[in-house]
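Structures are listed in the sections that come next.
Same chain, two partners: chain A is paired with chain B first, then with chain C.
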Partner chain A sequence: MSTTSMVVEQSEAAQPELVARAEIDRSCRVPVLLFAGSAVFWLVAGSLMALVAAIKMHTPGFLTEWEFLTFGRVRPVHLNMTIFGWASMAGIATLLWLQARLARACLPFGNLLIAGGVVWNVALTAGLVEISIGHGTSVEWIEIPLFWALVFAAVFAVVMAASLTMFGRRKVAHVYVSQWYLFGAVLWFPFLYLTANLLIHGGFTAGTTAAATNWWFAHNVLGLWLTPIGLATIYYLIPKVIGAPIHSYHLSLLGFWSLALFYNWAGTHHLIGGPLPAWLVTVGIVGSVMMFVPVVTVGINHHMTMVGHFRRLKDSPTLRFVVFGGMSYTVVSVQGSLTSLRSINEVNHFTHYTIAHAHLGVYAFFSMVMFGALYYMLPRLTGREWGSARLIKLHFWAAALGIALYWGPLTIGGWVQGLQMNNPDLPFLQVVAGTIPYLWGRTAAGVLMTVGHCVFGLLLLQMLRGGGHAQNPARSQAATGGEVKA
Partner chain B sequence: MSPVYWLVWGVVVAFALSAVSGLVWAIQHGQMERFAAGARSIFDAEEPVGTVTDGFPRREGRSGP
Partner chain C sequence: MNRAVWLYLGVLITVIASFVGLVQIPDRQLRGLQPVKDDLGVERPLRPDGGVLAGRAEYIGLGCLYCHSQQVRPEGFGADLARGWGVRRTVARDYIWDVPPVMGTMRTGPDLANIGARQPSNAWHLLHLYRPRLTSPGSTMPEHPFLFAWQRVELQRPTDALSFPEGEPRPGWVVVPTQRARDLVAYLGSLDHSYAVPEVR
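Entry: the complex of A and B
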């Protein structure tokens, strides 16, 4: 027996939490790695499709020889790769691991979840092929045909069952705030997804009713799926990494319950000016403005928890990404609430401003938090450390500068575009030509972010192939079934 | 008005009601009490308050805290 193994056995005897945590991590290992690894694959693939779409915006003749690479197909392929490939699969990986850690219960239905991960990848690939060959539905965020959407819904059901089972088996009586958010994500989103798909693709809606259903769903992909998972992760990882409880637990719970009550009403603000009943749109605006309550509570809480610990950002990759994501959540939410006001929306609607806003939410907030979560989770699941601090820093700066370069200029450019479109004296083509410099900036930002994603993929590959060094005993034990390799 | 509006808003109201039900459950089961202990529930003897649990690899390919 190696010296390391003896040390671990002694520490096990003295620290039952260590053994329990290793057991929980071991139960998560294969399903979570499958979802996380797939997520990173789709992230890289989705970034490349985004680049193609971005270039086409200012150079329309780029790659027009093949139908499947025309803008109308590349753009939804990018969206579905990043939302249902990257964001949802990274979210499910994080959700499962977090719920297991917080409930202090092993992950159940391991084989079913592994099968679910495989089926999810197959369904997504099939859906992307359908879009690429012209069989997409053309309904934004629901472009994948109904059959494959039902397959996703079946996998959602397995994830929901696993999460609720762990919640039911929890060994801690107190329900931590992150668990409430996870609870919301797994309870609300699968029903939302199924309802929207059946209503829109099942022939129950058309015209304005389809649009109302569409934007109620699309906005809630962020509101009831990505946001709860992202905030749950932040509320767990910031305190865990810095070793200090969150600043105000009262505020954290107020934040969750106000989000639960207000967020799902907000989607119809996307249809301001559309031919819908005024009250329907107004309800969406009211819901959006009420979101100031959870956003302010979350913003204050995250900031005040970090006060006195900001120096840790220098040392922790997880903290860098998660704090960046947390700050972006405040910015994107405040921007979103303001954007829902009719007086502002009449300028920014149908402009690049909205695209910048969407990326601020899904990338600067959610994706950055997921990067941080994966940097924290994966060494504990594989028992191996990340291979290079320099590459992690390169990933962070490429992603952070990339999204800053994306959001800033495109927001300004979009606003100018909106003001010009509202001026009847300006020819439309002149307005379009005015956006081209901002669109070049968007492509440059996309290159930066894609570089970061490729670096992240490289780091993950290196870790999965066993290139990194063995981690501390708690992490190694989870990965090797109790035997710690010296 | 199309019945679809009512169906969509019915689901919206159902979501809101599920949130209210969860809130009632939380209050009845003592989840809104002892907040300080709740905030510390993610820490344990192995990783107590004050323990930093993440860091960059110390050198290329070496483990952090």
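Entry: the complex of A and C
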């Protein structure tokens, strides 16, 4: 954080409040660091699996001898590492800390949460092994067999209990917009996850209904879990770093409730042209198009808050990551709404275009916001500074250029692939051949992103091993805002 | 917004509404679907059993669905029918036995909803699984050597040994499919949705 915002923070927060804040951070320390550290480990592992999968797509002879490394297993292993390892664990770390800070309550159930973090890692490892040895379910985003899913659900219950307890003990009358989103995420996701797993893997649905359930769930992983955590973080960190309040309370209100109302319904747009009753697909399209409302609202609200403060992007890495994420949220959501239209979906469905879109959401939006959050949070939890401003800069540019290089070419390549696939005169293998150059581009982008993640991992290791100097956390914040200038 | 109760209610009502709308109501609508009888009086879709069911498990365990869909889009929406991927679009009734469904969302490879009718040769499928580029030059499908075994030719060549178009790769030895490969091919051979259903035409 910068000098200006620090002044704001100090002037409104007297000394006792700084002490209270340090105490809150101390209560978060071990559980949040456990989730955050695990998240970064899974990020690096997930990136390596992504590279293996990406190379296989243009060089199919790569690593074919070992069954556990066949494409159909590496791909779900990558997805589950990045969604349930990286994204969800980073999300939980951020969610717990934000709720503690906003409710001004210490994090309860510390030991239970630590146990939960360990169990989560064990369940994820077991689930990944199951997929690798052929026990995956091939139900997208619910590949991990039911038993381990139930273990995840149990940990979710602890996270939910901790978050709601802090919310119940809040010492501030006003409930800040970030808390609405956190409240939503922490109730929505366990319900979605448990329901979808039990219905599909418990044998309560079959055929087309199971497919509808699958996409109701899978789309909501982004919509009702990652998105609210990401938006809550943006709503918290932008004003914190620039030292100015959110532009409009009423836009915040509209943005939240329209998201709650419409995002739920968007999932069946993944099945356009499929064997579903027409109304069911139409509902998905309507929900997707209505997402314009929360997206435009939130976009305007964040942009207007930033107006006059854009120069701060130069000195605050947190702000740079978070604003990049916020802008990507607008882009990915507008693209998503348009993609749900039948005329566009006719071309892009079943192609790499969709893969590019998914990465724009989970990476350019959510992951970038999480990077920003971790850069802000971890110095406050460890009482140590980040080791190198240059490496943070390298991480940012590798990630930002990486995702741009990933999304752009793969979107174009996917669109071309769709147009060619819809031309029956063109042999299918010619369509396949046409995608190869774009797939090489994707691998190059993946290397860049992986480099960024390794740098981030090194920075974190350096911090945890005490590379930076240990300080009193409260003092550390007052002195530098816990952030190096990059 | 300072009243937690409105948050609670709003958050729960919105998600339950979509659950009812996208899961419960379709389930009500589709649960009663029954198989139809084809011209020969056979109930379609066929209920998978034995080797076909085991092959379906292989299809799921190997993650074939990450590159292959099993759904044919309707006339005028894409070129699925013109490509010969089916004689009609697929409908909900075609999937009544599928637990879980493997409709897929990606076509790195072609749609397989009717692969059994389009490519009935088991020998072709086995060779293609072993080394896809032998049957389909330029394919990016992975090889599946782990579904096959090398076997020394004793007196007689096993009937299911792969025959390579460019000659035997290793004299005195042949490549034979494992039971898993045979099951997978049995499943692929069973994929045929060309029977008539009342929903289409």
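Everything below uses one rule, namely that the second predicted complex is superposed on the first by the 456 of 486 C-alpha atoms of A that agree within 3 Å, B and C clash if a C-alpha of one lies under 4 Å from a C-alpha of the other, contacts with A are read in each partner's own complex, and residues count from 1 in each chain.
One rule holds in what follows: contacts are C-beta pairs under 8 Å (C-beta built on N, C-alpha and C of every residue); 3 or more make two chains touch, one makes a residue touch a chain.
In this text, all values refer to a predicted model and were calculated from it rather than measured experimentally.
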item: Chain A as common anchor, with chain B and chain C clashing or fitting; value: clash
item: Touched partner set for A:Gly336, first chain B, second chain C, both or neither; value: neither
item: Chain B versus chain C as contact partner of A:His174, first or second or both or neither; value: both
item: Chain B versus chain C as contact partner of A:Gly325, first or second or both or neither; value: neither
item: Touching partner for A:Leu102 - first (chain B), second (chain C), both, neither; value: first
item: First, second, both or neither for A:Asp315, with chain B first and chain C second; value: first
item: First (chain B), second (chain C), both or neither touched by A:Thr351; value: second
item: First (chain B), second (chain C), both or neither touched by A:Phe191; value: both
item: Partner chain in contact with A:Tyr236 - chain B first, chain C second, else both or neither; value: first
item: Touching partner for A:Lys56 - first (chain B), second (chain C), both, neither; value: second
item: Of the stretches 21-29, 75-83 or 165-173 belonging to chain C, the one that collides with chain B; value: 21-29
item: Intersection of chain A interface sets (partners chain B, chain C); value: 174-175, 180, 183-184, 187-188, 191-192, 195, 199, 205, 209, 212-213, 216, 224, 253, 257, 260-261, 264-265, 277, 280
item: Contacting residues of chain B [partner chain A, same complex]; value: 1-2, 4-5, 7-8, 11-12, 15-16, 18-20, 22-23, 26, 31-32, 34-64
item: Complex contact set, residues of chain A against chain C; value: 56-58, 60-61, 64-67, 70-73, 75-76, 134-140, 167-168, 173-175, 180, 183-184, 187-188, 191-192, 195, 199-201, 203, 205-214, 216, 224, 253, 257, 260-261, 264-265, 267-268, 270-271, 273-277, 280, 283-284, 342, 346, 349-351, 354-355, 421-424, 428-430, 432-433, 435-436
item: Interface residues, chain C side, partner chain A - complex; value: 1-2, 4, 7-8, 10-12, 14-15, 17-19, 21-23, 26-27, 29-31, 58-67, 69, 71, 73-74, 77-79, 82-83, 89-92, 94-103, 105-110, 132-133, 136-146
item: Interface residues, chain A side, partner chain B - complex; value: 15, 17-18, 21, 102, 172, 174-177, 180, 183-184, 187-188, 191-192, 195, 199, 204-205, 209, 212-213, 216, 224, 236, 239-246, 249-250, 252-253, 257, 260-261, 264-265, 277, 280, 312, 315-319, 375-376, 379, 385-390, 392-393, 467-472, 474
